[in-house]
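Letters are used for the chains, namely A, B, C, D, E and F, taken in the order the chains are written, and counting of residues starts over at 1 for each.
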Amino acid sequence: MRLLLINGNTTAAMTERCRATAIAAARPGTEIVAVTASRGPRVIATRTENALATAAMVELLAEHGGDCDAVLVAVSFDTGLDALREAAPCPVVGMTEAAVHAACLLGGRFGFIGPGEHAFGIYRDVLERIGLMSKLAGQSVVEMRPEDYLDPAAIVDTVVATALDLVRHGRAESLVLAGAAFAGLAAEIQARVPVPLVDGIAAGVVLAQALVDLRPMRATVGSHALPPARELVGLPPVLGRLFAGERS
Amino acid sequence: MRLLLINGNTTAAMTERCRATAIAAARPGTEIVAVTASRGPRVIATRTENALATAAMVELLAEHGGDCDAVLVAVSFDTGLDALREAAPCPVVGMTEAAVHAACLLGGRFGFIGPGEHAFGIYRDVLERIGLMSKLAGQSVVEMRPEDYLDPAAIVDTVVATALDLVRHGRAESLVLAGAAFAGLAAEIQARVPVPLVDGIAAGVVLAQALVDLRPMRATVGSHALPPARELVGLPPVLGRLFAGERS
Amino acid sequence: MRLLLINGNTTAAMTERCRATAIAAARPGTEIVAVTASRGPRVIATRTENALATAAMVELLAEHGGDCDAVLVAVSFDTGLDALREAAPCPVVGMTEAAVHAACLLGGRFGFIGPGEHAFGIYRDVLERIGLMSKLAGQSVVEMRPEDYLDPAAIVDTVVATALDLVRHGRAESLVLAGAAFAGLAAEIQARVPVPLVDGIAAGVVLAQALVDLRPMRATVGSHALPPARELVGLPPVLGRLFAGERS
Amino acid sequence: MRLLLINGNTTAAMTERCRATAIAAARPGTEIVAVTASRGPRVIATRTENALATAAMVELLAEHGGDCDAVLVAVSFDTGLDALREAAPCPVVGMTEAAVHAACLLGGRFGFIGPGEHAFGIYRDVLERIGLMSKLAGQSVVEMRPEDYLDPAAIVDTVVATALDLVRHGRAESLVLAGAAFAGLAAEIQARVPVPLVDGIAAGVVLAQALVDLRPMRATVGSHALPPARELVGLPPVLGRLFAGERS
Amino acid sequence: MRLLLINGNTTAAMTERCRATAIAAARPGTEIVAVTASRGPRVIATRTENALATAAMVELLAEHGGDCDAVLVAVSFDTGLDALREAAPCPVVGMTEAAVHAACLLGGRFGFIGPGEHAFGIYRDVLERIGLMSKLAGQSVVEMRPEDYLDPAAIVDTVVATALDLVRHGRAESLVLAGAAFAGLAAEIQARVPVPLVDGIAAGVVLAQALVDLRPMRATVGSHALPPARELVGLPPVLGRLFAGERS
Amino acid sequence: MRLLLINGNTTAAMTERCRATAIAAARPGTEIVAVTASRGPRVIATRTENALATAAMVELLAEHGGDCDAVLVAVSFDTGLDALREAAPCPVVGMTEAAVHAACLLGGRFGFIGPGEHAFGIYRDVLERIGLMSKLAGQSVVEMRPEDYLDPAAIVDTVVATALDLVRHGRAESLVLAGAAFAGLAAEIQARVPVPLVDGIAAGVVLAQALVDLRPMRATVGSHALPPARELVGLPPVLGRLFAGERS
């Protein structure tokens, strides 16, 4: 199977890190097609950047999604998830959504850690949309300096302390570590906390594989049916592929 | 005061209808500055179009928001609301969010009516984000043909029947009629139902005025603080105005 | 427009402070008609006093509500709100309800601060009735001595510390400061906290104005329709005005 | 033990029906002291009447509560429940609250039936305050003519049909029949429905007895601690008994 | 009346402690029939033991439930509660469920204290099934050594400190102390905390008595109707008594 | 990988149907080890049978779980799920839980269909424990005769009609068809409904595979840590394997 990994950030180094994590998580036979937005925020960290990245991500789907079996949204805000799910001919999962579902399937309530004080409320909204708030043991922030987004290794200690606090006082039985920026650090942190740490990219890959294996029918009614033919103005023609109505 | 009404659809006729409704609702001294997206969907009716419209709406804010006192999102999906709220230097309200808050302030649970079967789930998400689900008496759909979006007068009877069902069986004590497409029909429908019908544009105008009157401080921390200086790639330079950090 | 401000406490000095705040928040052309209960608790701070004040507040509505355009309940427990809303011919808002709605319209979750340990649970009930609990970042108490209710200036430092704790640890993005006792202190506290502080009286005034501007129809069915003709025993005749059934 | 049954309606015939039901439900040794409000609504059926009755009910507690072991609020809106619970030296239960708790202890979700379209939203608020909404299978209305409130026997067929609908379509596994007006009809209706029907007065009596048996300590902190000494203006002196602070 | 107290632990000393507490709580005329599981965990403290105990508890019901008027589940995980409630011909209450309902009927939100870090999540599930989560002020753990389960007196200080923290910071207005292991300590702890402490066995006894007094009809439809005739394989024949279908 | 499929029913024919569905859903290289309870209910359809089956399922885990990579609970009540998850050294998923999570990952709200009026409330409890109630579009029952449990083909028409009702009126965007009894019918029904139909066994297999791929650490604290050494009385010695404390 081919899994399209869409990085809505315009930083190719992040895509590479996500791709490496995805390959390590994927089973043999899964090809990871990782693409990077060509315009938009360097690193999505605000609501405004989230909005600016969405359209570009839909375009990436139009360009690359045609022969893929599943799509993974490789932005920890699950940017554009509902639109991509509606428009793609195949299953789509968000990395944070995937991590939360996987954590819940492991049992108990999960703790959630995200980078940056500004992002706390954005992640809160992401979590509420997923719908598993009664399983949230606590949500914490790891403060990050701009350089940490490119090399977060220096903050492993802080992440571990935050994680242990969620376990000891919040009684979290699993942890979700959000932020594409953390991709690649999971193993090091996991070794120091007593509950499973779920990485969004890894969870996204295995759940995307699971949905492909399930061979679900595509809904033909409802808000996730393929969008019907619609009229667009001044947008790249490639988007037309997504609005062909009942495609065969 | 100047109220920037942002229509994310690229159909200028819709902007005109919204502007007329807004002017009728506004008090003397409120200037309505209504702008239309120059690229994007003709009429936003799917999740994908919602995503495609968001970035253009942020650009409209960057271009026109500088000297405005409040912003009204004139798309019934409250498209881009959280991003616009973060980026704007002034209060921002969404038309559906405004209608729901106003309905709740009138007392009792509200019924919600939206156009189009495909949009039911999209509106559900909009309602859940607002956070007043315990006040939702029921959500119904009015099926619409494409031409109805430009001239919905023919479907007033259907809307009234749907509304009465929500009142009689759902025990709704107020009604929110969503969809920019319905702008202008509120009076005719109101005359035939026994509970207050709240129009999104009108509610948005009066609540935006209220927030301006309140003169709230701008948060300098949290997810609705103004976005700090950030690096964008390949986007219109005007967007830079929104990322100047702590502006004075 | 005429806004009837009903103080259910029998302390006229509180009415004066509320009136001053209301006038400062009101737009030109809004007349504030502030009335004080002539019997009942000096300061409502318990559930029992709340109950004892309600009937007197309904009587004040019967006496003064005839030619008003909106009513503001100037007790931070939103005392009698649902009854006043049913009985009044015009929109009615509670000061705490108004502050919570306004805070949510500014974006993010709000922190709530109220005076007195005994009142914590009473405010909890007030908040739950409003229905925006998923937006509550945290609820805190400021302990008060009896004299503080008449001159709360001395406790500004405590309020600020409590507010900063809600912002830093609860991640509140706005604050609601409840208690008619705090009326007049908002500006001083606001200057020392990094998120908007919403004052109940001010929010109540601007939202009441907004609802009047909206010109909503009065429901003729449901639990907020005007009460029909009913039989009362041993109560002041003026209350009869509220039970005239379908008044014209 | 002595159980004070407070009827907030001024209709003595209703008190008599409640007293008879209470005696039938009480165990030997429980004395039912039933009192009727001397001023207020003839029959509480609106929010306004609810507000007008509350103060009078608190006065009844002050007059008659001194040597009672528990209090039962015999109004199906649980009128003044939180105030009476704060002010009384002994346990207090509301008849609807009691019925809902008892229904849940029998297992499964309950259906709720109340009289009068106007009251639907009032009962909704009562149910939400109780906090067991996830156990609500459905809420229905039985329309009533004024004379039905005094002699509801004629509407047994309608109640039964409503009840069966809640069982068959709402999958209710128990039923709460609210309204003091229905006191005395439970047996007749029960014989015709396949799930337990819980009467508020009977449930209130047995749960009040249970709380007395439990001999709970009185909270000395929090919002249900006895109200401290407070200053009242122009109210009957008997109310002073409720505000003596830490009574021995 | 005869109250069957089922201890799913195989430790007879625990049954004796529960029986003593039950007798102290019961009113004259209530006979406590206390039975102990003959196979299963010595002390149920994990999810696995919970599962292993359930079938044995159903067998105890089949053996002893025939002439009882009510059943009390004397395991603080409310082990097997829903099955026993379905199978028993009479009302069934769980000790933790009973304590939570009783606490809520006393007013305000309750704090919950349970023994053992491992059990925190198990109690969380128990609480969520009860359905009164909006009334939960906080949930805390008292760490216990194995010997504490047989003689918990030494940890009274720790329980009191935990309780006071729930009152002071969580604003709990009542406390539920879970764990059959704590049976008998309630009085000593109560004397040192300022809000009512509800003991599960005592609450279970008084609520079971209340339900018997209520004389509820047995549902003949729904998931708590008596189980119809069913085919079992390799189980003790006494269980057949529970599957006789519509028994007379 | 080896996937242990535990059928808690004692009907081997059901195990065979589940095994066939599991094999069809599994990817190459996944071995399905399907085991059947040797004592207990023939078909689990009541709460009591659920309780009677649990201990036997734990024994099956003790006997067969040692060299498995994941466990699938093949009873649609997710019988014993939390205990098996605690006790197993590997990931455990319930078939209904898996179907619900998979449905939510496909987007939108799901409809739920289960067999038998008696089971409605049992499934409701199963759904509430999963924690995705805000995504539940509706829950319906398909009435079944005893013979249908062995050959449900005859009721495909009824299931389809029920499913279409959930789609058309409940606006379900996916469907979960619960009940091991339906195993094998999914394809036939799917062909006649316009939204994806998720089969519990198939979803359980693909999600179990996903969790194995994720290689999650085993929690060593919390309520899903492996149970420590505990003392059992009169139970099969094989259970001792599950209580060895920190196993290597």
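Here is the rule we use: a contact is a pair of C-beta atoms (placed from the backbone, for glycine too) under 8 Å apart; a residue touches a chain by one contact, two chains touch by 3 or more.
Given the structure is predicted, the values throughout are model-derived calculations rather than measurements.
J.: Give me the chains shared as neighbours by subunit A and subunit D.
T.: Both-contact set = B, C, E, F.
J.: Could you work out how far the Cα centre of subunit A sits from that of subunit C, in whole Å?
T.: Roughly 43 Å, centre to centre.
J.: Report the inter-centroid distance (CA atoms only) between subunit C and subunit F in whole Å.
T.: 51
J.: Please set out, as single numbers or ranges, the residues of subunit C touching at least two other chains.
T.: Residues 82, 85-86, 108, 117, 120-121, 124, 128, 134, 171, 173, 221-224 of subunit C each touch two or more of the other chains.
J.: What topology does the chain contact graph adopt: line, ring, star, complete, or other?
T.: other
J.: Please give all chain pairs that are in touch with each other.
T.: Here the touching chain pairs work out to A-B, A-C, A-E, A-F, B-C, B-D, B-F, C-D, C-E, D-E, D-F, E-F.
J.: Name, in rising order, each residue of subunit E that touches subunit A in their complex.
T.: 117, 120-121, 124, 128, 133, 141
J.: Within the complex, which stretch of subunit E touches subunit F?
T.: 10, 38-43, 45-52, 54-58, 80, 82-87, 117-122, 124-125, 128-129, 221-225, 227-228, 230-235, 239, 242-243
J.: Considering the complex alone, what residue numbers of subunit C touch subunit B?
T.: That would be residues 25, 27, 82, 85-86, 91-93, 97-98, 101-102, 104-108, 131-132, 134-135, 167, 171-174, 190, 194-198, 202-203, 205-207, 209-211, 213-214, 216-224 of subunit C.
J.: Using the touch rule from the top, collect the residues of subunit D that touch subunit F in their complex.
T.: Touch list, subunit D to subunit F: 108-109, 134, 171, 173.
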